[in-house]
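Here's the structure, in structure tokens; my notes come after.
Think of it as A, B, C, D, E and F in the order they're written, each chain with its own count starting at 1.
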Amino acid sequence: MDGFFALALTNLSSPLILCFVLGVAAALARSDLNFPEAAAKALSLYLLFAIGFKGGVAVSDHGIDLALGTTLIAGIVLSALLPFIAFGLLRVLTNLDRTNAAAVAGHYGSISIVTFVAGTSVLESQGLMYEGYMVAVAAAMEAPAILSALWLISAGGASNGKSRMDAHLWREILLNGSIVLLIGSFVIGFITGQEGLKEISSFIVSPFKGVLCLFLLDMGIVAGRGLRNSRGSITLGLLAFGILMPIVGAAIGAVAGAALGLSTGGVLLLMVLSASASYIAVPAAMRVAVPEADPGIYLTLSLGITFPFNLTIGIPLYLAAARIVTGG
Amino acid sequence: MDGFFALALTNLSSPLILCFVLGVAAALARSDLNFPEAAAKALSLYLLFAIGFKGGVAVSDHGIDLALGTTLIAGIVLSALLPFIAFGLLRVLTNLDRTNAAAVAGHYGSISIVTFVAGTSVLESQGLMYEGYMVAVAAAMEAPAILSALWLISAGGASNGKSRMDAHLWREILLNGSIVLLIGSFVIGFITGQEGLKEISSFIVSPFKGVLCLFLLDMGIVAGRGLRNSRGSITLGLLAFGILMPIVGAAIGAVAGAALGLSTGGVLLLMVLSASASYIAVPAAMRVAVPEADPGIYLTLSLGITFPFNLTIGIPLYLAAARIVTGG
Amino acid sequence: MDGFFALALTNLSSPLILCFVLGVAAALARSDLNFPEAAAKALSLYLLFAIGFKGGVAVSDHGIDLALGTTLIAGIVLSALLPFIAFGLLRVLTNLDRTNAAAVAGHYGSISIVTFVAGTSVLESQGLMYEGYMVAVAAAMEAPAILSALWLISAGGASNGKSRMDAHLWREILLNGSIVLLIGSFVIGFITGQEGLKEISSFIVSPFKGVLCLFLLDMGIVAGRGLRNSRGSITLGLLAFGILMPIVGAAIGAVAGAALGLSTGGVLLLMVLSASASYIAVPAAMRVAVPEADPGIYLTLSLGITFPFNLTIGIPLYLAAARIVTGG
Amino acid sequence: MQTHDAKRVAIIIETPMKRRLVAAIEEAGVSGYSILPVEGGSGRSGPWSREGQVGRAGGMSQVICVIRPDRLDTLLEAIFSVVERHIGVVTVSDCQVLRAERF
Amino acid sequence: MQTHDAKRVAIIIETPMKRRLVAAIEEAGVSGYSILPVEGGSGRSGPWSREGQVGRAGGMSQVICVIRPDRLDTLLEAIFSVVERHIGVVTVSDCQVLRAERF
Amino acid sequence: MQTHDAKRVAIIIETPMKRRLVAAIEEAGVSGYSILPVEGGSGRSGPWSREGQVGRAGGMSQVICVIRPDRLDTLLEAIFSVVERHIGVVTVSDCQVLRAERF
């Protein structure tokens, strides 16, 4: 636990977190500081490209093995199962109706790639290795949770879940830009290996953390605005869920990671993926498939509560736990 | 003076200035070369973040001392007083009415952060140090001049200055994005120190000058368009003011800087701040509070005349003077 | 030829080409992966600035000589002549009407700066030098082809070519943003030389290839969308033209380059310029001057067929040929 | 100058629904429309803004169709089938067009 | 398809005034509006363009409100109180809306 | 609130033609207009979208002019001289304006 406090402190005083805090503060103070939409999107494309590419290079260094396959499957199963746990927890802690509860639950089965990136960045500053293919696991965990959420809604009989999932929506989810770029750059990194990395490392490796700082600043602004706009609509029960659920998710991720025999870094990342909640892919899918669910609830929860929690306290906590679990 | 000419020449043939000149030339030739608004804004966010962060790190290296406080106060006083001098000069040199003269005067009390950045960049290539907290002084000098301008208008009895300054406008000025980002990243740099800088220096230090080049290219385009559009509306008196006022401001800044016991670099930067005129924060405030003042006048003056003057001839001139004043 | 296959393979598995392929694949799969327009434009401004600047520095290193002048003139002549060859080839291979054939032909006389950049990047990874002024030749080759295309149309009597070329359009073509930035940064690089390059090389040299990767990813998306939208409208004859014409152009470029006594790298770049087709400057000019020509045809050809062909197979092929021609 | 009566239908809709709306419009036999970005706004579901938007999942877009009056009903039905369960605003107004043969 | 009469009010105003205009609209009891970016234009104060604009202090935005006809006057007065001293254009036109219960 | 009759002319045109259109409008003595970005659309020449557009040569923009009714014909002729050979849509609708002295 000592290690946790030391790490939490280092983490909290890293430029990454402080930039996020600055963003939240600026938004709460109603400053007009903001990033142009195009710039924010460009930053996120850069991050996805860099993280995917580096993951691919790491896998090409160590070769493909069985662990990759089993971890991928574990990720998919986690993504599909976590919504049910989230749904149960929501029913206990809050009085959300079935539709809204299911929609929120879907977000928590899926993942937040920025939280993942922040996790890798903490690992690097701790000098810990992780399995390169965790990037692919992240991509695989984006979508299954959406199906679980729709199943939860249709199981309630309110309306037919299948009719909500037309072929169009399927394609949109599976081929959404983030997944394609992540997987695509992973494959490119895998093919070109260290050779390719050397050519572009002064673009995707050295400035990476700085770009992440600016991106987290923007995320902070966005999260802060969400919090400001949602004052009132977030009950104590929801707040409790937003903090409890990532811890539950991380615990399940830890068990899975240990069972898979991942490294300490790998376990941490699987915990982070399980603990984090989507705020890009799933909300867009929900607007199409479940327009009657309130985006004010699921976005505020995932982006305004769970995301900052994971970023600040969660990751150090999970790392301490991952060390215990793996004896690392 | 020999040193001045050598420096002026080096300055004029640096990529920074040449990029600015290219932008002006492209705009005057009516080329369609231009930067997307989002890209220009992203570049300016980057510059503010980098300059604030580095300033904070510098202060954390040398510790906070009394000089920081007194220089901050001096900056605020300068920003509040310079508009009165500008106003007097305008009344002598031009026949602007009270409202327009006051609006222009407000711009010259406030500062241009890009001119400041160009100043630091010249210092660096000359191997001169400067007080890291000058960044904070720059932020402090943004707003007071606006109050002086409004006081000048209301003193004319034309309308009540207080009614122009509603709480809304107050917040907008004090919490405008540039100030928040500059101060925020300054604080982050101060907290994380060299440690934090090392993590992100390949993002905010090494590529800094190159980004500044592109930004000045864009500024050149903007300034050139302003000049082209304003042909005719700029009289000889206004032109004289646009060049005289920065020199007067710089002289006052030099006296203040020497009195405060700043280093040669510090004196230069205080001169640059006093000499430069705002073209972001103040114009936006004036559009809200004094819509009857003509933006064509104050923008052309600050961006089309004073900004290029400072950038090309002003800074080398002020540096020669700062060297004499500090015996450096 | 052995060298060609080895090089083609290296080329095809470089991150640059793989990024392009990823973009095409994403677009064909109808993924919503895309770059904000502003980001794509910012990337292209960066590339133009970097390539121009480095060209200028190279020329300032080696000094201006007669070869620069003769190569410039050769470039202008090539740009003006190639449309006639393209027009003839189109009349043989396809049944396009005169107007459309002339519009397409104009694109092939002009150049694609990204293909040029990809060529320099292959040269660098092969450790081959090239004449720095080839950047200026690229700029000079942008416009003459447009005149030839308009002449071809008016020669058909359909309408008066002169009336299509008003002064306004002339200025737009000669002062279009790309040309101005390329020439401008070339001049700046020439003036500041190695000195200036040192100051900004960690912005324009080290991250260059990585930025090019992202840009090619975006180009791939754009090309892929073009192909998807044009399915049906591209006949076999057009396809043949899109692949034959660059080879013919490259052959002519090779003869010219050898006659001029260029280095192996210089010959390659002249071949690449001759082989590549415009998809920015010429299409915009054609929309104004020849609105009745179908952009679906010329854009798909230049961007959907010739650009990928040059990028993947063309450049290695031309390099093998350039080596033979120059005995290098 | 000769002008012809036409109807201008403007739909403000969530961006993730845009593709579906356009598909419905095309199915109704209307092949002319324009899409305009919307920067922000407010409605029954509260205020929002494209920049600094929570999650950037959404945002709204405006789709504008200019059509011959006699095709209005078919188009409105097609539009309604998409917007029914969703937030958004549909307005119709009279206008005149040049070059009626285009519609 | 059943449509209802409504009024479409479009205001082109300087971006720094946007917040104030929106506040006035909301105070007048109108909670539905959309904001569209404006890229450039020209008026009595001369031409301007968002890209490469002098100082980027400004730029214009367009605010669109669709309202029930009986609320027009209140809204126009609210709008006028803001735009009065400022540059900008206010237009009102007739339109029909689907789903009138929304307005 | 006192309003005055006016005409709202909206032209959707290819971006490379925008400068020429604006020049023609100004030559016709109309100095007030606004330019709005268009994100995508479809017409007789098929669908297109600003992002990921083939070659980015083009894209469309919307130019809006609000004018006094008596100047409509002159304006339409000026517009027509530019759009004649080009793709694009021109609509005219009735509207009311505040502050008629501006037009």
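By definition in this document, contacts are C-beta pairs under 8 Å (C-beta built on N, C-alpha and C of every residue); 3 or more make two chains touch, one makes a residue touch a chain.
Everything numeric here is computed off the predicted structure, so don't read it as measured data.
Asker: Going by C-alpha centroids, which chain is farthest from chain F? Tell me that one.
Answerer: Farthest chain from chain F, going by C-alpha centroids: A.
Asker: Please identify which chain has its centre, taken as the mean of its CA atoms, farthest from the centre of chain E.
Answerer: Chain centre farthest from chain E's centre: C.
Asker: Quick check: how many Å separate the C-alpha centres of chain E and chain F?
Answerer: So the centroids are 18 Å from each other.
Asker: Once you find the CA centre of chain A and the CA centre of chain F, what distance in Å lies between them?
Answerer: Chain centres of chain A and chain F, defined by C-alpha means, are spaced 45 Å apart.
Asker: Taking each chain's centre as its mean C-alpha position, how far apart are chain A and chain D in Å?
Answerer: Roughly 34 Å separates the two chain centres.
Asker: Measure off the straight-line distance from the CA centroid of chain B to the CA centroid of chain F, and report it in whole Å.
Answerer: 39
Asker: Can you pull out the residues of chain C that are in contact with at least two other chains?
Answerer: Residues 34-39, 41-42, 202, 207.
Asker: So which bits of chain D are touching at least two other chains?
Answerer: 36-37, 93-94
Asker: Which chains touch which?
Answerer: Listed by label, chains in contact pair as A-B, A-C, A-D, B-C, B-E, C-F, D-E, D-F, E-F.
Asker: Would you mind writing out the residues of chain A in touch with chain B in their complex?
Answerer: 13-15, 18-19, 22, 25-26, 29-39, 42, 125, 202, 206-211, 213-214, 217
Asker: For the complex, which residues does chain C have touching chain B?
Answerer: 36-39, 41-42, 45-46, 49, 53, 171-172, 175-177, 180-181, 184-185, 187-188, 191-192, 196, 199-200, 202-204, 207
Asker: Note which residues of chain E are touching chain F in the complex, please.
Answerer: 12, 36-44, 49, 60, 62, 73, 76-77, 79-80, 83, 89-94
Asker: Considering only the defined contacts, which chain D positions touch chain A in the complex?
Answerer: 14, 16-17, 19-20, 45-47, 50-58, 85-87
Asker: With touch defined as at the start, can you tell me which chain A residues reach chain D in the complex?
Answerer: 27, 34-37, 40-41, 168, 218, 221-223, 225-226, 229, 279-280, 283-288, 291-292, 295-296, 299-300, 302-304
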